[in-house]
Amino acid sequence: QTEIQWWHAMTGANNDVVNKLAADFNASQKEYKVVATYKGSYPDALNAGIAAFRAGNAPHILQVFEVGTATMMAAKGAIKPVQEMMKEAGENFDPKSYLPAITGYYSTAKGDMLSFPFNSSSMVMWVNRDALKKANIAEIPKTWPEVFEAGKKLKAAGWDKCGFTAAWSPWALVEQFSAWHNVPMGTKANGLDGFDTEMKFNSPLHVKLLTDLVNLQKDKTYDYSGRGNENEGRFTSGECPIMLTSSGFYGNVKANAKFDFAAAPMPYYPDAPGAPQNSIIGGASLWVMGGKSAAEYKGVAKFFTFLSDTDRQAKLHIESGYLPITKAAYDKVKASGFYKDFPDRETPIKELTNKEPTENSRGLRFGNMVQIRDMISEELENALAGKKSPQQALDDAVSRSNATLRQFERTAGR
Amino acid sequence: MDRRTVFNNRLLPYLLLAPQLAVTLVFFYWPASQAAWMSFRLEDAFGLTTEFVGLENFQVLLRDPSYYGAMVNTVVFSGSVAFLSLSLALLLAVMADKQIRGATAYRTLLVWPYAVAPAIAGVFWLFMFQPSLGMIGRTLRGMGVDWNPLLNGGDAMLLVILAATWKQISYNFLFFLAGLQSIPKSLIEAAAIDGARPTRRFWTIVFPMLSPTTFFLLVVNIVYVFFDTFGIIDAITRGGPAKATETLVYKVYNDGRLGGDLGGSAAQSVILMAIVIALTAIQFRYVEKKVTY
Amino acid sequence: MAVVTLQNVRKVYAGDIEAVKGVSLDIPDGHLCVLVGPSGCGKSTLLRMVAGLETITSGSVAIGGREVNEVEPADRDIAMVFQNYALYPHMSVYDNIAYGLRNRRTPKDEIDRRVQEAARILAIEPFLNRKPRALSGGQRQRVAMGRAIVRKPQVFLFDEPLSNLDAKLRVQMRVEIKKLQRALGVTSIYVTHDQVEAMTLSDKLVVMNAGRVEQVGAPSEVYRRPATRFVATFIGSPPMNLLDGVVEGEGRVRVDGAVLDVSDMRAGLQPGHLVEVGIRPEDLEIVGSASNSVSLPIDFVEELGATQLFYGALGGQPFVVQAGTGVVPADAKSLGLRIAAERIHVFDRESGQRLGRVAETAAA
Amino acid sequence: MAVVTLQNVRKVYAGDIEAVKGVSLDIPDGHLCVLVGPSGCGKSTLLRMVAGLETITSGSVAIGGREVNEVEPADRDIAMVFQNYALYPHMSVYDNIAYGLRNRRTPKDEIDRRVQEAARILAIEPFLNRKPRALSGGQRQRVAMGRAIVRKPQVFLFDEPLSNLDAKLRVQMRVEIKKLQRALGVTSIYVTHDQVEAMTLSDKLVVMNAGRVEQVGAPSEVYRRPATRFVATFIGSPPMNLLDGVVEGEGRVRVDGAVLDVSDMRAGLQPGHLVEVGIRPEDLEIVGSASNSVSLPIDFVEELGATQLFYGALGGQPFVVQAGTGVVPADAKSLGLRIAAERIHVFDRESGQRLGRVAETAAA
Amino acid sequence: MVERRHWFSDMLPHLILTIGVGILAFPVWLAVVGSTWDAGTIANGTMPLYPGPYAVENYTRALGHGGRSSGEPVGMLMLNSFVMALAIALGKIAISMISAYAVVYFRFPFRMAAFWLIFITLMLPVEVRIYPTYQVVAQVGLLDTYAGLAVPLIASATATLLFRQFFMTIPPELVEASKIDGAGPLKFFKDTVLPLSITTMAALFVIQFIYGWNQYLWPLLITTRPDMQTIVVGIKKLLVTQDALTEWQIAMTTAVLAMLPPVLVVLVMQKLFVRGLVETEK
């Protein structure tokens, strides 16, 4: 039996899903055994994968979150392009069967798909309906000003520790925010058109959002909840009634929240031209590491085929809140009437397909983006803690990011 | 003068030394030289391409404000932990050294945190001080204190300092107790006859007599804060918010993470090693001197 | 300077160890009183009670007429020299000596004057700036003395102050201490387990054993008329020979077949009373091999230079004779010994008490 | 049992410390030779070269006629008793004694026989199963002896074996060692810095100083006719008094105004030759205050029991007189002293060599 | 000593020590309490100061299945920790003892050089050169092995220095007596040095066992397989940082379990441990 190592970063309810997938695959055949290993957070998993590769000990499959894409793409010798592998293994693989936003994100300029889409998400705004009701907020807020307003009402209604918050701050407040408002995060179509990009997320609109948040942070109408999972905990425990995070959070909200909740579209500034545009995908894809034997790749390919099964994808979507990544699966769920019963479960897909993507909303592909996220987080923290003005913080984030981009450019093997 | 009688075999001593030397060479000197080598190079994350860049990594490092930030953090952190844990431990040791009932029981109850892993100590303190679910964190907020280690660097620093201090008190306590107990009773008695009251005895006799112990502990505490607290920081703050709790060692780890800046990380390793070797040398000289004390 | 008076002083340590079992003692002003006895007999305990370093279980200690049982050491106006000197290792010699004065807020120049004077007396002026670790044993000893004398206390206490020195230095320092004590005239209590030190130093010698005082007296008195068998063997080296004997009659004791005349013997002892007869090795007269002499076969001779020790046995009990070198021919196989009646000590075999004449003992 | 011969033995330690500067010595079979001298004079070094624990820089050491310079300690057939006994703390007394035999693969029952015998001789049978830490100092000393004798070696080596014992025990063990050595008849070398031990134990006394032998001889001989000023002051306690003097003429020396007759004085010394005159404290005759006597003002008296020491100064140099107790009245302020001509030692003031008559010295 | 006494000065030490004991114990008490409540109580911040009814459930789950995300039973993690700690403790004692023996009881060319080579590593823990060391371990193929967990950490000068110091306190006369008694270096080591070192070894064992058990960063990096992970690392994995909630009750259960062995070792072997500690460092 050939063992196939699969390193991932799925926690909580999603972790159960991953383990179940592996178990099901292993039960479905005898030749291969997929061993799923939780390696910590997305950056931890990526870090473990890189370290293991350098040590000659890489797993077969590595789950890498979307912002690690550039790093992986640049590592030509380290990865095995999925499309190529599927072909060699004789497995059926059609990039076109995936939602276009997804295919675009993980393919080269030439259209070769390098990684296997697995758990794609989008950012949504989770709301605690019970709380809104208590605070006499009839409608789920749609725009940022409405969110601010709602936050204030909630505060007045007793949610004085936190009106609203956002997990994955750089993702929510910079990356998705840029796309949703059709402003560039960086040049060159956010890096999709080449590594010689520069960051642009210190635009007036970006500064405006941060300035608003900084002001609201003072009385905790908005309350920053760190880079970890405090956000999620505060939402499910009812402490924070509004929170921006991934649609993939669904499984965990469902398991833990004791109130009526919903996933609403991300808020936008109504005065921003074109807003809302469309969101970009989040989540992660599966990368196949290089240097393995043909037999092993065959197993990996078989596993991927197993994962692409339409029924399985549909089920995945329903259970986890991640997107149905193939068109077939989407259609199937739609046809089943699921979205009629649970309209907010379609929210992320609607966000993604809200408008035809522009240069600013097709996706992101910045080198060392994982480190850049840390820099953005740090500068956001500086601003929210009052140590720097919002403008200053974003300027610094931009210039630090640019330095990192330059370094990446130097080392990226191209 | 070394008046030790020795055996005069030729080969045997080398054989006896071989395992330790082998392990040291393979797992210390080789990596150390690798670090030195890497500090002159620029590499991509996966180590696929590499380039010799001379001193560039060091230059970048020395121009990087966050490196100095980490230095300041390290100094604040180690200084506070050393001061707090030393003074609290000394207080406890002086109390436990008194001829009181239950002294051994107190000692037992004070030594065990030594055995708690730093990472686990970190988890304990996180659990207590987490702002939204931690018992103390919530209490503080309930009392109107704006306790927010997730955003407020000072709070975060305070938290890791407290956790590290908590972990270190036992150790210092043991040494102070041993130090106190090794002060000849007759010195205290002589001072009493010389007319010194307990407080004066403490400051003029006991405390100066403890100074070798104190100095030793200072060095050890600094090293402890340098390295062993990695687990505490990683568990509680991961260096955040906004690098407020990033110490030199955490930075070595963090910068090398994701293969992002292995050269820079290696350059930091090299500098750190130099610092620690200097510390060792200082301590060694001091220890040598102490032998004759 | 003061009289020190101990009345029925007892010390029971935790764990019911009765270290001192009721000691009464008067030390006249200016006298040097030596406590001597085997290890563990309670000498240090007694001294430390006078110092205030141990609490007094019962009885009373008075210094200069004032009962000090509850007075802290600092307020007893005493100074003490410890066996290990207890110098403060982190202070210079000067500071060591000055420390006690500083604690008493003596003016600076007064301190300086007194320290310099003490240093001069003890010839340690060149070392005033050194730390104790840079001094030899003898120098440390002097510093400890300096620390004691600089305070001009009412009482000096010494706990085996010389036992960490080597033999030569010990003899020298012993003479110096005696001179200094004489010169300063401070009442002193001195603890030692070395009987030579005890003999040579004391004005008043107190022999202790197992927590009790066995004998108190001038050293020569104790040597000449030991009150108990214990004192007899403890004081004097080589120790007094002891032979089992039986009272024959008034002033006569039978030992190993021979009958000895004893001049110092209590009246009224019944014939047949079991005694021990003590004779100091140097108190024997060596006679060729005259009649009325005892013959001691020589097992073994030790050469001491000025004198020689002859080891043998009398009546199955070991017996030593000391004689000036040259008195006995080198090839002698036995000694003829005569013993003057007044040099014979008699002890009760059971109680160990001296059986000397009552009147004379009382006079001592 | 064997003769031990040292020929011009030298030891230079790393760092150019010449610890032993050429020593030649013959120790006849069965003799006990004591090396005595001040600390650091090279006694231990010399002994350890015989033991094979130090290499020999030059010269030769022979045991029983065989040169052993290159022989391992284990193969020299020696046994050694150390100052701290060097008992194996983790082994029982039995195992300590048996260890050397076991390493030599002696049969089990033979080992047992020998250990039991040694234990019997030393009266340590009851302790055979104890660990050394459960023994008193004296008992440990015996075990160390047991370890030495059980092997029946050709030579015993002792390095200050008694100096860790207290005074009483030391005297007792010293006698026992002497008896044992006599009984076993094993050639022995014994190192000590205690001159009493040296005097009492040795058949042959070797006084060392600064890496050289100062004098070799029978102990009484060394005491009576010290070859150098060093030996004169080192052997004897209290040490010999030394006074500066000047040769007046044949057999006469002027000291502090007075002229002394000296019977043992080398011929041919020029008048005016600077000398030192040595007189042992016990060699002075005390005369009331007759004419032709020197008067010594008494500074200070020490009571030793049998004798008294009178401290004073002659011609500015300290001077001690020892006299039997009672010879001098208690209230005497000075002593009249007479010195027999044959009791006076004369040393060259510069070289420290004895200036005794050549013929007689050679005969010693 | 005769001293004036006052009820307050008599009570003060007890007061201060009790507060000290309380402060040291409090975090652990909370953890113990935390291990006996359910996720919801903790997550809502309503956990009381006394233990709850979920102890059995939490401990069974931790020992049996482990946390949700890591899914490794604590028992297995503890076994790994135990093996690692044991290997480090024994390995360190073995190699440093013989190397100290060489340095103390022999004179040979490059002796001081060897000593310094070892000594320099005194205070340089693996954290400072973490990546290169990882690389080296990978190159020699020791990732995911017990050897990889333990061997790089047994190269430490502290133990060597301790043994050196201890050997120097063995009276030189014992060597000499042994030589005269016909024992060579190996025999001397076996017959005398080894038995005399037993308490030192035991003391050192306690300290090194704790050191090994408490390792964090090293096992975190060099183990990739879940079944090679150690318990301290296992806890870190329970502290989820994204998307899901931390299962604090399991994390606390695991933390309490992870803390137990070394704390027990310290408490049971207190005397040895204190002795060893004070001697190692001085």
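Labels A, B, C, D and E are assigned to the chains in the order they are written; within every chain, residues are numbered from 1.
We take it that contacts are C-beta pairs under 8 Å (C-beta built on N, C-alpha and C of every residue); 3 or more make two chains touch, one makes a residue touch a chain.
Worth saying up front: this structure is predicted, and the values here are computed from it rather than measured.
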| item | value |
| --- | --- |
| Chain hops separating subunit E from subunit C, counting only touching neighbours | 1 |
| Set of chains whose contacts include both subunit E and subunit A | B |
| Separation of mean Cα positions, subunit E and subunit D [Å, integer] | 56 |
| Gap in Å, rounded to a whole number, between the CA centres of subunit B and subunit A | 39 |
| Chain centre separation in whole Å, for subunit D relative to subunit A (CA means) | 94 |
| Residue list for subunit C, restricted to those that touch at least two other chains | 52-53, 72-73 |
| For subunit A, residues contacting two or more additional chains | 51, 54, 227-228, 233, 237, 239 |
| Multi-chain contact residues (two or more partners), subunit E | 1, 3, 43-45, 135, 137, 176, 179, 236 |
| Residue numbers on subunit E that touch subunit C, as the complex places them | 1-4 |
| Residues on subunit D engaged by subunit E in the complex (per definition of touch) | 48, 51-53, 72-74, 78-80, 82-86, 88-90, 99-100, 103-104, 147 |
| Contact footprint of subunit D on subunit E as seen in their complex | 171, 173-174, 176-177, 179-183, 187, 191-192, 195-196 |
| Touching residues (chain side subunit B, partner subunit E) in the complex | 3-10, 12-14, 16-17, 19-21, 23-32, 34-35, 38, 88, 91-92, 95-96, 98, 100, 102, 106-121, 123-128, 132-135, 138, 166, 169-171, 174-175, 178, 189, 192, 198, 216, 220, 223, 227-228, 230-231, 234-235, 249, 252-253, 256, 262, 265-266, 269, 272-273, 276-277, 279-280, 283-284, 287 |
| List of subunit A residues in touch with subunit B within their complex | 43, 46-47, 50-51, 53-54, 71, 74-78, 161, 217, 224-228, 230, 233-234, 237, 239, 368, 370-371, 377-379, 381-382, 384-385, 387, 404, 407-408, 410-413 |
